[in-house]
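One structure, as structure tokens, below. Some questions next.
In this document, chain identifiers A, B and C correspond to the written order of the chains, with residue numbering beginning at 1 in each.
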């Protein structure tokens, strides 16, 4: 009972913090692109939150977390997770939280709330490339598909204890791949379709959306996202124990050392002072990179990882900045895609048994930097396999979905004719 | 001890979330009416919070929650609740939380904080019709009366285990009537007085305050209110147990299905896209309607209730919109009054024993939709009685108070002469 | 185990709330001085949070909280607190939290997070006098020194159970001196240097920064700070028990009665209505004054202390407002310095054994108002000694640091030539 209370209470609070992050991503867009993006940005926040909870409750949660069919997909009609079919067992311990599996005693209700919040914030990340370019009705329908199958497959494979990648030994602590990497792949699919339509309309390069800092909203969003990550990473222990406390440290320390590292890199490379956007990106990059291994490494390793974040983000930002066929002003690709995947790879280097065991992942071997040897190489290979499969599948389904929507709705691009219109209530 | 810790910690956190809602209602006004309402709106937030804690600590808390005098009103001088008289017992278990009554072991301090936060947010709801029309000194004095007696009577009757309506069998889980319905009745009393004064000054209809969306503040307020409701409803279990987890689900699912339902209704009726105001109202209506029965129904029922919210709000909004003798741009009447009362009535239809028992309300019978039969009809009759009595009493006391204030302070309406003045520091 | 879970969970949540206060102080500046201060204000928030966590993790935490060297300073290389040296013990119970000392079982990770959040918010308070006057690179380097030694000395003396002032019997519950008073002393040191440079540039009095209220940001910041104080004061019990609940009450009641008291004083003295700035200051003054003794007094005493806050703040504000050699528009000196020190002195008057014992500070005697007699006088003497020593040392080290920085960086004042430039990304 003590464990039931502590674990469920902690994870519910964590879930609430993650829930706020969908809104915080909307504020981040406004903070970086200016208040004129407020309307579009916040319509998305509402749509994502509203549709996310509804679709996940109907069947999406089961697709990810019910006992899987051959390791591929959760059983959509699994009773205890299917609200309209069952629901009498809503407060019972969920099957994967019993002692046979993760053993943390979370109830279905707690786990549903936590994971649904993860799903919504993942789509919010995808949404930062929608800008004012994609029709909101396209994005609304895409959202439904997203919560039915796109978000759910990687979760079923990696976070469901009967998923095929989980059984292979793949680990992704709080979603370097399941959240950040997969958001990048889905976003890329939309960007490709956008470019095809922009090119067809005669453009030589994609319309670039300029940065236009709104300092108060930017910093409010960074503080809220940082606070949200307190739910995101420590909550991913799915229990309140000493491991959850360690994850608080790895998360906050990686963020602060990444911040300092990026400050110094920008100053060294440009001779100029970094400014609010780079400061924000420094914090976010640290939070993203530590996500997939926050429960597997020491606080000292988290600081080292944060220091690597500076040059990593700077290089990625410069490289992506040269590509002119898409516009990604908020940094989905250099931040979430590159940062998330980099963090997953680092599992093979920085993991330490003493930390992995504490977070209930005893099977993650020591990393290459801690004497892991061939076991670490094997782990690294599995992580790479997982990355390739997940990116390929998420990109493909997202692209097919967006192609179908484009065909059915006369393109996903807002018609040029409306470009000069003020930012109305249009949806 | 485990229960003491878990229950008090959970309810304190819930109380803190509810505390933020007073401010969030202020931001909601700004989000819907524009930044020019910032000053007035936020003066109210400060006044309500400051006066609320002071008056409730002096005597207001006792008026609602001390052992009642004949079921009518809590004993104002009950020692453990009366700070200046006693207070040595501030951390002891409050009388109504002992095993003889609710049995959740909350201390007086925890319960005081939770209920005071409820009282302040209730007055914040009343305050949305004050706009820039009512003198703030009138509202300040009204606040004192409000926390002395107006908020307290319905609470003493329905939430105090010795209250006459509670003993009759009336239930109102987290305040469909005690909070939302009563706020509507008090607001209506002020609106009547406002109209009498406007008419006297020669107006043919009340000055309508136009909607003027400020997207960032609106969405920030919706996110904060949604988060606040995590305290409002689950915290109303007054304990952390599996029922509190179920209430998280019913609350969030009703909000999301109400959002979707209102979107579709607006699109179907107007052929236009809904926009941020309707999206916000969709979320809020779901949260309001589920409030009085969040602990009595299944998640599946919560989704059904949310679907009903769409047409309910739309119809109410259209009907109230045609009335020209008052201005209610933020939707106190179609949202809080209609939604709150509708939710209370639904107790007689959607309750299920398995959920009511878990939330410590074993005496609520199954609803009409779940085979409740005559017991359900009887429950429905009690709820209707409660609604009538509470609305009548709250309206009457509020109206008498505002009449007296109007007489003493030369009207409650800000003098027309000041209408064109800029929004100064005036208070 | 139950205690481990409850205490660590509660203090981690409290730490998260305190963490947000650094950002909230930034929003407070914007709320009082206008959105044009957004950029500078929020660069500071980022710098302080980023540098704070990094430096505290490296060695700053040890300087304050490791076993002390002769009561003067924590051992910088103490293994369990020194991340790059040790860190394997990150989740073990910290030495001062074992039953030999405070006995609340907090892990090193929890305690590190809580205290680092305190350190960052303290510097955020210092930062309100930086305005747009001090070069941000000066402030950045000052921050490093601040987290290395300036914040740490008073903490080591008063909050470390082997510190010399602690052993003398000095108590400061949540930082009236360690946080607010010390922030005032460090701020004063910067103000003196600023004035020396302004005078040298030919000014007759310091450039005064005008108040320019931004109502939404001001109230958002007040709500967030008030919520943050729920972490600040109750969290300072370092455990979740009935004392923590009592501290919630003393904190919130002092804030509300201080608010009302200042409202009435301003109205009585000026005949005008107070407005948002005074309302905000009323709330903040109550929160500051109760901070050093929130765990030692009854809720009734907290209300009385709040009532005293009104005239105290008003008098201090008027007096400091007449000084023209510095500009302190946000009120570091009348609020944090005067309020913090006043609260510390009140320990000798308002403490009551029944409350001090509950918060684990059994050695604080009853105050003079509760029959403490000579024991209370003795306590008062120790508090005065502590105030004098801490103010002198913090002022001196801060002043030396800022002098050295001024010499090395050609002054701390932003060159007049840049005064007319727009608020760019400069850092």
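As a convention for this text, contacts are C-beta pairs under 8 Å (C-beta built on N, C-alpha and C of every residue); 3 or more make two chains touch, one makes a residue touch a chain.
Fair warning: this is a prediction, and the values are worked out from it, not measured in the lab.
Have a look at where chain A meets chain B and say same if over half of the interface residue numbers show up on both copies, different if under half do.
At the contact between chain A and chain B, which are copies of one sequence, the residues are largely different (under half shared).
Can you report the angle of the rotation that maps chain A onto chain C, using C-alpha atoms only, to the nearest 5 degrees?
An angle of 120 degrees brings one copy onto the other.
Determine the centre-to-centre distance between chain A and chain B, using the mean Cα coordinates as centres, and give it in whole Å.
Using C-alpha averages as centres, the distance is 36 Å.
Using the touch definition from the top, which residues of chain B touch two or more other chains?
2, 6, 9, 13
Using the touch rule from the top, collect the residues of chain B that touch chain A in their complex.
It is residues 2, 6, 9-10, 13, 213, 215-216, 218-220, 222-223, 226-227, 230, 240, 242-243, 245-246, 248-249, 252-253, 255-257, 259-260, 263, 272-276, 279-280, 282-283, 298-300, 303, 354, 358 of chain B that touch chain A.
Quick one: which bits of chain A touch chain B in the complex? Just the residue numbers, please.
Of all residues in chain A, those touching chain B are 1-2, 5-6, 8-9, 12-13, 16, 19-20, 23, 26-27, 30, 35, 38-39, 41-43, 45-47, 49-54, 57, 83-84, 87-88, 90-92, 107, 109-110, 112-113, 136-137, 217, 425-427.
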